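In order of appearance the chains are A, B, C and D, and numbering begins at 1 in each one.
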Amino acid sequence: MKQRSALDMYANGTAWWDTSISDIKKNEIIIRGYPVEELIGNISYTQMLYLLLCGEILSEKKAKLLESVLVAGADHGPRAPSIAAARMAATCGISFNSCVATGINVLGDVHGGAVEQAMRLFYSTESLLDAHPEQSVSSVVKKQFERFQREGKKLPGFGHQLHDHDPRVKRLYELAQQLVKEGEIQGCYLMIAEEYRLQLERWKQKNITMNIDGVAAAIQCELSIPAEAAKGIFALSRGMGIVAHAFEELQNGVLIKGPCPNRDDLVHYSGPLKRHLEKK
Amino acid sequence: MKQRSALDMYANGTAWWDTSISDIKKNEIIIRGYPVEELIGNISYTQMLYLLLCGEILSEKKAKLLESVLVAGADHGPRAPSIAAARMAATCGISFNSCVATGINVLGDVHGGAVEQAMRLFYSTESLLDAHPEQSVSSVVKKQFERFQREGKKLPGFGHQLHDHDPRVKRLYELAQQLVKEGEIQGCYLMIAEEYRLQLERWKQKNITMNIDGVAAAIQCELSIPAEAAKGIFALSRGMGIVAHAFEELQNGVLIKGPCPNRDDLVHYSGPLKRHLEKK
Amino acid sequence: MKQRSALDMYANGTAWWDTSISDIKKNEIIIRGYPVEELIGNISYTQMLYLLLCGEILSEKKAKLLESVLVAGADHGPRAPSIAAARMAATCGISFNSCVATGINVLGDVHGGAVEQAMRLFYSTESLLDAHPEQSVSSVVKKQFERFQREGKKLPGFGHQLHDHDPRVKRLYELAQQLVKEGEIQGCYLMIAEEYRLQLERWKQKNITMNIDGVAAAIQCELSIPAEAAKGIFALSRGMGIVAHAFEELQNGVLIKGPCPNRDDLVHYSGPLKRHLEKK
Amino acid sequence: MKQRSALDMYANGTAWWDTSISDIKKNEIIIRGYPVEELIGNISYTQMLYLLLCGEILSEKKAKLLESVLVAGADHGPRAPSIAAARMAATCGISFNSCVATGINVLGDVHGGAVEQAMRLFYSTESLLDAHPEQSVSSVVKKQFERFQREGKKLPGFGHQLHDHDPRVKRLYELAQQLVKEGEIQGCYLMIAEEYRLQLERWKQKNITMNIDGVAAAIQCELSIPAEAAKGIFALSRGMGIVAHAFEELQNGVLIKGPCPNRDDLVHYSGPLKRHLEKK
C-alpha cells in the first residue's frame, strides 16, 4: 500500500471518490461500462462478482469453476466461529444484516484467510518461475519451501483441524483439472500447489493432502483473482451459510443465547479468590 | 419471536446448537442431507443459498430468477453508505473481510431493508386473500392501503431517492413475467404488488412505478423466501459491490480516507463558540 | 425520525456534515466549544462522554453516578453473547478493534437494549404526569401498566434470566438515592420506576425487583440522557469487559475457537437423512 | 500466538471457556475476585477497565493519567473515517449499538493503531536496555532507529496528517511528567520516546514532535498495559465520539446519507465507456 494522502490527491485534481467500477445517474446504472439491465438475467452471480472486482466478463466455464469454490465454502456447521457468532447475534435483537456482518467480521487470516496467504505464495512462486525459466518447477518450489522451514512458517494450504480427506478438495481439484484438459485454464498454479504438496510430503514422511484453502487458492490464481481480495470472496461464500444459520436461530425464538450451557467443564473461573478493596 | 430461554430448552433435552442445515464430521460435510461434494459443480450459487436457507433445491429457472435479483442489487456506486463505509474501512488497516462486514453492517431497514417490509406486506395481503376468497384482490389491497394511510406509514416498494424509471425494475419484472407465462411461478405476489402500485397511483394522481425493493420483494415471495431473511440475501447481493469497491480503494494506497475533503460546504461546525471550564 | 433527504438539505445551504460537537483545525481541536487540552486531565471519562453527547459538563457528583452505571455493566462473563463473540473473534486473526466491534455489534434490543425501552417508558410517563398534574403518580403509572398488559408487552426493567437479587441493582439504587438526598438529582424517574415495580408486584402476586436495565434507565433519565443513545452508552460500558475478554483469549494462543466442544448434547443435526441430487 | 487447538486443550481437562476475569453465579458477579457491588461507586471507569484487563486496581493518580489518554482520543471530527462510518450507519435503520460497532470496526492499524506499534517498539527497546545495562539509552535507540531506516519502515509515534503541534500531545506529556516527578511512574518509556524523537529530528534535520499515538503509547507502557490491547483501549476512547456523532446524525432524521454530495470533483467514474455483452 503506497502511503498517500487523500487530501494531496484531491488537491492535484483527482476526485475524492474515483472509481472504475460503476457510474450512477438518474435512471442509469453502468457497471464497468455495461448498463445493468443488460447484465440482469444474462450473467451469473459469479460473473457479476468477477466483473465488479476484475473488470471483465469471465467465460461460462471459468465462472462455473469459481462458483464451485463459492459453493464449497458456504457452510461448516454451527461450531465454526463465523456461524456461531451470527447465530448468537440473531438472538440479541439487532438488524438481520448486522447478524450476517457479525459472522463475516471474524473471517480473518486464521478463519478462511489462509486462501490469501496461499495465493500470495503461488503468485510469487510463479513470478520466480517466470524470472528463471531455466529452473524446474520442483527446484524453485523446493527453495521456497526450505525458506518457509528456516523462517519457522507454516505452509498455507495444507492440513486441517478436522478433515484429512476433505470431500470438497477432491471434487474441486477434479473440476479444475477438467478445465485444464479443455484448455480453459493453464494449470500452472495447480501444478505449483501440487509441487508444494510433494515437498511437504517428503519432509513430513507421510501422506499430505491439500486443504480447501490450498485448492481454492490455486483455482483463484488460475482465474487471475487478486490475492488481497480472497477474504472478501470467502465472505460471500461463507456468507451463504451465515445467512441460513442466523435465520434458523432467529426462528427458534430463543433470546440472548450464549455459546454453551453453564457447566463446569465448559465455563470455569480461574481468577483470584474473593477479595476486597482496601479502605481508602 | 417466542420468548424462550436456551437453558430451559437444554434442560429439556434439546442440544445447545440444534440445526437442520448441516452435519460436519471428519471427512464428511452434509448440507440438508446432501454430501457437499455432490453439490459442488452441480448446483449454482443461488441454488446453494436457497438450499441452505430453505432446505430444498430450487429449479434452474427459479434459481436464475433469484440470481437476477442478486445481480440487480450488487452495486449502486461509491455514494451508497454501504459502499462508502467499506471503502473508508479499506484505508484503515483492518482485515479485508472486516472491510466487507463494515459495509454489510449498514444495510438496515432504510438501506435495502425495505424489501423485508414489502415482503411482509405482500405475504400478509396474500393471507387475507386466502382467508377471504370472496373478496377481490383490488378490494383487499385497497383496505390495506387505506390502513397504511391512516397509520401515516409509507408504503414499502415504491419511490426512490434517485430513479423514477429504475432500469433494474423493468428488467426484473420482465424476467418474472416470463416465468409466470411458463408456469414456473404463480404470479400472485406480482399481481398484489401491481395492485398496490395502482392504489398509490390513484391516490397520488401521478405515475408511480415500483422500485427495486418492491419488485425484489414480489419475486422473493413468489419463491417462498421468508421475509425475515431478506436483509441477509441483500447482504450477499450488495456484498459483491462492497467487495469490489473495498478492493479498489485498497489498491489506491491512500491511508485514513475520510468521507470528503475539508471544505466549508461539506464540513461545518455549528456548536458553541470557544469557551473555558470554570475554575474549580 | 423525520424523513428528509441529505441532498435536499445540502441544496438548501446546509453543510453535508454539520455538527455541533467538534471543530478540527490544524493544531486545534474544539469539543463543544472547549479546547481539548483544557479538558484533558480536568474532566473524567464520563464527563467527556456526556459533554460530547449532550453538550454540557456534568457536575462531579452526577458524573460519578453515571460512571457507576458504566462500571456496573462492564462484564457478565464469557457466556454473554457479546463477550463470547469477541473471544471467538480474537482467535480468528482479525484486527483487535474488530474483535471489540464484533462484541459490541450484538448489544441490541435484547442484550442490554432494554435500557432504551425502559427510558422511553419512564420519559413518556413523566410527560403524562407533567400534562396531568392533577393525577397521582400511581394512577398514571397504573394506566400505563394496564396498557402494556393489554398489548401483551413485557414491561422493560424487571426480571432477569439469572439474578433475582442482582447485586448491581441495590448498589446503584443506593448511590442514586444518596444524590436525591443531596438534592443533586430530582428523583422523579426513580419514583416512576418504583411505581412500575409496585404495579408489577401486585399483578404477579410475588416479590419483584428492578433489574440492571431498569435502574440504569431511571438513573440515565435523571441525567437527561436521550433514550436513543442508551445502547451506545451500554456499548462503552460492556465494551470494557469485551476488551478484557478478547485480550485474554488472544493470549491463550488458540486458533479458530468455536462456541463449544463437539459433543452430541451441544451440537446436533436434525436435518434430512443423507440424500442425493436427481440426475439431470 | 502459540498454535494450539481448543479441542486438544479441552481433551486435556481445560474448560472450553476458562477465564480469570469474572465469575458469574446467581446473584453474584465477581470481577477479578472483587464482588462487583464493592466496585460500583468506588472505582472509576478507568480503574474498572484496568482491573478487567490487567487484573489489579490502578492507583488514583495512574488511573487519572490513563483517563487523560482516553479523554484525549475521544473525537476528531466528522471527517475521521470511524466517525463518518458511524454517522452514515445511523441513517440506515440499524440498531444504535451497531452504528457504534461500525465506527469501532475501522479503528485499525492505520487509524489509531499506531499506538500498538509504538508500544511494541518502546517495550522491545526497554528489553534491550535491560539486557545491555552497559549501553546508554541513546546508543540502543540509535541502533533500533537505524534498523527502521534500513527496513524502510516508518517510525510509529511521530508525524500527523494535520497537526504538527497537536494540542493533546503537550498536555498529556505535561501530565505524565508530573507523575514522574511525584514518583508515581518511572518515566523510562517517556525517555525512550524522547530519544526516538531526537534521533528522527537529527535525521530529518528539522523539528519533530511526538504525535498523539506516540505519547499515548509511552504512557500506556508506563502503566504496563499490553501492546496488543491498545487498539481495544482506543476503541473505548474514540467510542465516545462515535456514540455522540452517531446520535447527532440520528437526530437529524436524514435517511441513507452517503459520504458527500454528488458533484464531479467528489465522485467520478473513470471506468470503461458504455459497452454491451457479446451475443451468445
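The rule we apply is simple: contacts are C-beta pairs under 8 Å (C-beta built on N, C-alpha and C of every residue); 3 or more make two chains touch, one makes a residue touch a chain.
Owing to the predicted nature of the structure, the values given are computational and were not obtained by experimental measurement.
Visitor: Starting from the defined contact criterion, work out which chains touch chain A and chain B both, please.
Guide: Of all the chains present, those in contact with both chain A and chain B are C, D.
Visitor: Quick check for you: after a Cα superposition of chain A on chain C, what is the rotation angle, between 0 and 180°, in steps of 5?
Guide: So the copies are related by a turn of 180 degrees.
Visitor: Please report how many Å separate the Cα centroid of chain B from that of chain D, as a whole number.
Guide: 35
Visitor: Averaged over CA atoms, how far is the centre of chain A from the centre of chain D? Could you give it in whole Å?
Guide: Result: the chain centres lie 28 Å from each other.
Visitor: From the mean C-alpha coordinate of chain C to that of chain D, what's the distance rounded to whole Å?
Guide: 23
Visitor: Spell out, as numbers or ranges, the residues of chain B touching 2 or more other chains.
Guide: 3, 5, 7, 10, 16-17, 19-23, 35, 39, 43, 77-79, 84, 91, 93-95, 97-98, 101-102, 105-109, 113, 161, 255-262, 266-267
Visitor: How is the touch graph of the chains shaped: line, ring, star, complete or other?
Guide: complete
Visitor: Mind listing the chain A positions that touch chain C in their complex?
Guide: Within the complex, chain A contacts chain C at residues 77-82, 84-85, 88-89, 91-94, 98, 101-102, 105-111, 113, 161, 255-262, 266-267.
Visitor: Going by the contact rule at the top, pick out the chain C residues touching chain B in the complex.
Guide: Touching chain B: residues 3, 5, 7, 10, 14-23, 30, 32-35, 38-39, 42-43, 55, 57, 93-95, 97-98, 101, 105, 154, 161, 259-260, 264-277 of chain C.
Visitor: Would you tell me which residues of chain D are touching chain C in their complex?
Guide: Against chain C, the touching part of chain D is residues 1-7, 9-10, 16-17, 19-24, 26-29, 31, 35-37, 39-41, 43-46, 48-49, 52-53, 64, 67-68, 70-72, 74-79, 84, 87, 91, 95-102, 104-109, 112-113, 116, 162-168, 170-172, 174-175, 226, 228-236, 239-248, 250, 252-258, 260-262.
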